[in-house]
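Just dropping this structure here.
Letters are used for the chains, namely A, B, C and D, taken in the order the chains are written, and counting of residues starts over at 1 for each.
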Amino acid sequence: MTDWTIWVEWVVKGFILCMILLTGFAYLTLYERRALARIQVRVGPNRAGPQGLLQPIADAVKLIFKEELTPGKVYKVVFLLAPVLTVVPSLVLAAVIPLGDKFMLFGREITLYVADLNVGVLYLMSIASIAVYGIVLAGWSSNNKYAMLGGIRSSAQMISYELSLGLCFVIAIILGNSMNLNEIVDAQRDMWFAVIQPAGALVFMVVTLAEVNRAPFDMPEAEQELTAGYHAEYSGMKFALFFMAEYQKMIVICMIAATLFFGGYREFWFLKDTFFSVDSVWTIGSWQFKAWFLGPIYMLLKVIVLLFFMIWIRATWPRIRYDRLMAFGWKVLLPLCLVLAFITAVGILLFDLLGNPMLIWGVPVLSMLCILVVVAFIYRDLRRKSHGRV
Amino acid sequence: MEKSLEPILKNLQDKFGATLEEFRGEAQCIVKAEQIVGALKTLRDAHHFELLSAQTAVDYFPQTAPRFHVIYQLTSISKNLSVQLRVPVSAGNPKVPTAANVYKTAVWRERELIDMFGIEFEGHPDPRRILMPEGTEGHPLRKDFPLGYEEPQFTFNFEEIDLRKPYAKE
Amino acid sequence: MGVEQKLGNMGVVTTTLENVINWSRTNAMWPMLFGLACCAIEMMSAQAAHYDMSRFGMELMRASPRQSDLMIVAGRVSKKMGPVLRRLYDQMPEPKWVIAMGDCASCGGVFNNYAIYQGVDEVVPVDVYVAGCPPRPEALIHGVLTLYEKVKGIKLAEKTVEEK
Amino acid sequence: MAQLEEVTVDLYKHLVSERALTGETMLLNMGPQHPSTHGVLRLLLELDGEVVVNCIPDVGFLHTGIEKNMEAKTYQKAEVMTDRLDYMNTMGNNLAYVMAVEKLVDLDVPPRAQALRVILVELQRIASHLVWLGTSGLDLAAMSMFLYCFREREQILDIFELVSGQRMMTTYIRPGGVWRDVPVEFEKAVRDFIKIFPKRIDEYERLLTKNPLFIDRMVDIGYLSKETALSYGVTGPTLRASGVDWDLRKTRPYMGYEQYDFDVPVLTEGDTYARYLVRIEELRQTLRIVEQALNKLPMGPVRSDNRKYVPPPRSEIGLSMEALIHHFKLWTEGFLAPNASVYSAVESPRGELGVLLEGDGGPKPRRVHMRTPSFDNLAVLPELVKGHLVADLVAILASIDIVLGDIDR
């Protein structure tokens, strides 16, 4: 038996999700430009529409009506396919992320995610790495040495950070005792995982910066070294697609971070059982309803804050060097992630065995200690290297 | 002139037959082309002139023998002295041995002279043009090379020049 | 040549469309990161905090000519640089504009000699000339706004006809 | 129509390794239009992966014919050309050229003019170092640095505009003194800057100097030994970071630099980070000079009264026939200089800026050669970058602080 309405629901939800990501991408560019400008004592775009609010639309319309060049010696099929291959995963990625609690509408239960996968985390892992094919192929097919260098860099970067990313997922899986993102979110009802495992959340943010090629890990398009990197030969809408993919991935990655470590669509843990909780029931007059709509709002807030974190880093930090990036990934982040996962697992195990709730606080203390040790080692290394000039 | 420069100049005069001129306290020694490398080596090794500050040339056109002077401005950092060597070069045979083996900075400076004056440096490791595009005719800093003056456009001759001007197309 | 080629002459549709397009082009004109000499420093000043060209949506300086709309020729163009400049111009997608910033790029400036093109209009077609040696950042911004006026007047259909 | 020729390897055959010809290593053309070549520099790189095997700089894309053009102008009119050489250091170029002219015709400069010259040239040094700091920050993608530096630079340019009416190409320093006396607002403007700037340097340092990523990018990159530096004629902060204590302001004081108390920062490490630290320290020391010169600024004339070489003040022209004749002669024919050659050098922000000026007895110079520091500093680049990554090349190029107008002339 198939219920045809479920198809309608899927289509509608998928469409809405795409629209959210597309407008989100457009306004993220404006958000980034304005935030960067603020940090850099400037104003930022403010001429197109009130306070520059129409700036993304201007950019989009301009790019749509721009000539699209296909340079003479490119490998045409791949050249045309590469932007698509980059942008699709970034859209599809968001399908499993729960944006809010379920609620009743037209007598049926509506869930605020497109798909409820039991292995949601695995899905995220696999889709996130597909996007790199687009970048590599774009770099290779462009018949441009800079683009090729960018593509190669991006694949190497992806390989070295994928493992750490996976281990960060593992931390969340251990804490949530499930690979289903809904259950992970539900598990954070009492406490965010970012509080239980702050080091994990921190490392996750660092790794995701590398995953979405953001500064200081923006190797593939390092403007000062490779001019425009893998998209050097792309113009018009094809270039816009790369742009879109990058920013959508930023949004999605922030959503994932929020889901895995910052309670997802759930309220702040200390607001549990209060008026602001997602589970609370509001009463206006005689009308009672569940405050499910707070979920997307909390999600949005968390994503905006996390995005600001990314923009802030871009404004202040210099770019890391290519080989140091790899060394950092393999020699620092991977062992660190392993240790963090180990600490988390042992903490949970002891907590379960002994039943002493205070034991769980050993996890954040120990893991922050690990981070401090790593930072101390990095600084000692630098000081030795720079002959004490630091 | 600095007192401590005098024995050095004396040595130059004795060893290389340099003739000495002085203007506003600056020592200028004229050395023959074939002896310049030896003179530079002596100055660098025996007298601590570590720095070849400048190397350039002057064109004395219409005069032909010598038409050019190649100038070496040397600085001693440890003794805080400076001296100028000048090598006369004739118009017919503008050749000077290269100083690139003594001071590495001479590689680029001499490329500039090759480009700008058309002086040949014998034994130069990389005698390409440096500033002008490959395939340029002539040597711009020679006095007989025209400056390339273009007539300014005023209101009275605007249209006349506008017609001649090679505007680019799309 | 962008939309002109795709649409051709469609009468009424293009006249309403062209307002939108021209508006978007003036508000999202990405300049190419292209500095030659002294004027490039003033161009950087115009980008910096005091003058802030980003207000017009122009802070996305693209390093690749494929993604830029506006080439600000900031400085003198030597005989060796001219062909390079032309190639960069050819690599830009339509519609594209050129601002000759400063006296040297406009007319050769003080360098009336063998090494310098007497105005970059000998190499690429120029839309707006900005005088000054170097022009103040305000002057450059004025030049950009003048270009916007010009862009707003572009008729999609006419441009196609004119070029053919 | 100008067309770009296809560049063949033939031209560079003797400079690249064998492996490049067989295609084992990659030849990469960086520039002339590239975000981090600081102008129109072209670098032909031979890469093994991303490691630089060979680097062949190709300059001349900004060749302006300034030296030739100056030969066609009188001594006074040729001065405007010097502004456009090293466009980060316009006041310094003026000073270098004017000092050569003064040496050639034996002209004295009044003390007030000397002090004013020192203040302005040192402010220009700060402005130049700020552009260096900003752009080298930008090269490492620390983009905010660039905007902060330009904020302070704007303040210096305001001072220049106050004294000369132009932001960059001032031509304020003239043979025999300066163009005119500074306005009364000058002192306050400079004092404001002196007050605010030390705090700003601390801010820059907080943002970069101790940033682990920045240190990682800078330390032990692009080592330049003392011997190599001297052999290549490298001067300025780049030389001082390699352990040679050589600053013309100290060793051969001109314009009364001996009166001022300042230190010359010298480091022996010779890497990119050392060059960075030397320049940052120079910012502080330069500010000290400005402050002292401003405190000691004497009153008096700002131009020599040698009417043979220096035009009379405007006020005299209406009153004195003689002054009118001098004015007319000086601005039409120009003054005559002896048939002799002089070399005079100043310390520019990039190194020794020397002017070799040769007169021919007439009103126009026979030869003006500008010994520009960036030319030699760039020549050493291939030695520095060998074996480093492309990303390091960008950092090294920023650290030697070249200006293409200075190289190509």
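One rule holds for everything that comes next: a residue touches a chain if its C-beta (ideal position, glycine included) is under 8 Å from a C-beta of that chain, and two chains touch if they have at least 3 such contacts.
Every value quoted in this text rests on a predicted model; they were computed, and no experiment measured them.
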| In the chain contact graph, what is the shortest path length, in steps, from chain A to chain B? | 2
| Among all chains, which one's averaged Cα position is nearest the averaged Cα position of every protein chain shown? | D
| query | Any idea whether B-C or A-D has more C-beta pairs in contact? | reply | A-D
| Greatest Cα-centroid separation from chain B: which chain? | A
| message | Just the number, please: Cα centre separation of chain B and chain C in whole Å. | response | 41
| task | Measure off the straight-line distance from the CA centroid of chain A to the CA centroid of chain D, and report it in whole Å. | result | 46
| said: Could you work out how far the Cα centre of chain A sits from that of chain C, in whole Å? | reply: 37
| Just how far, in Å, is the C-alpha centre of chain D from the one of chain B? | 22
| At which residue positions does chain B touch at least two other chains? | 131-133, 140, 145, 147-148, 168-169
| request: Return the residues of chain D touching two or more other chains; collapse runs of consecutive numbers into ranges. | output: 1, 5, 34-35, 60, 63, 65, 68-69, 147-148, 151, 408
| request: Return the residues of chain A touching two or more other chains; collapse runs of consecutive numbers into ranges. | output: 40-42, 223, 227
| task | Could you list each pair of chains that touch one another? | result | A-C, A-D, B-C, B-D, C-D
| Which residues, counting only chain D, touch chain A once they are in their complex? | 26, 28, 34-36, 50, 137-144, 147-148, 151, 207-208, 210-217, 219-220, 269, 273, 277, 389-392, 394
| Touching chain A in the complex: which residues of chain C? | 1-3, 5, 20-21, 23-25, 27-29, 48-49, 52, 54-57, 59-60, 62-64, 66-67, 69, 91, 93-95
| remark: So, in the complex, the side of chain A touching chain C is made of residues 33, 37, 40-48, 52, 54-55, 57-63, 65-69, 223, 227-228, 231-236, 239
| message | Quick check: in the complex, which residue numbers of chain D touch chain C? | response | 1-5, 32-35, 39-40, 60-66, 68-69, 80-81, 84, 87-88, 131, 146-148, 150-151, 153-154, 157, 167-169, 404-405, 408
| field | chain C residues touching chain B - in the complex, by the definition given at the top | value | 79-80, 86, 107-108, 112-115, 118-119, 121-125, 163
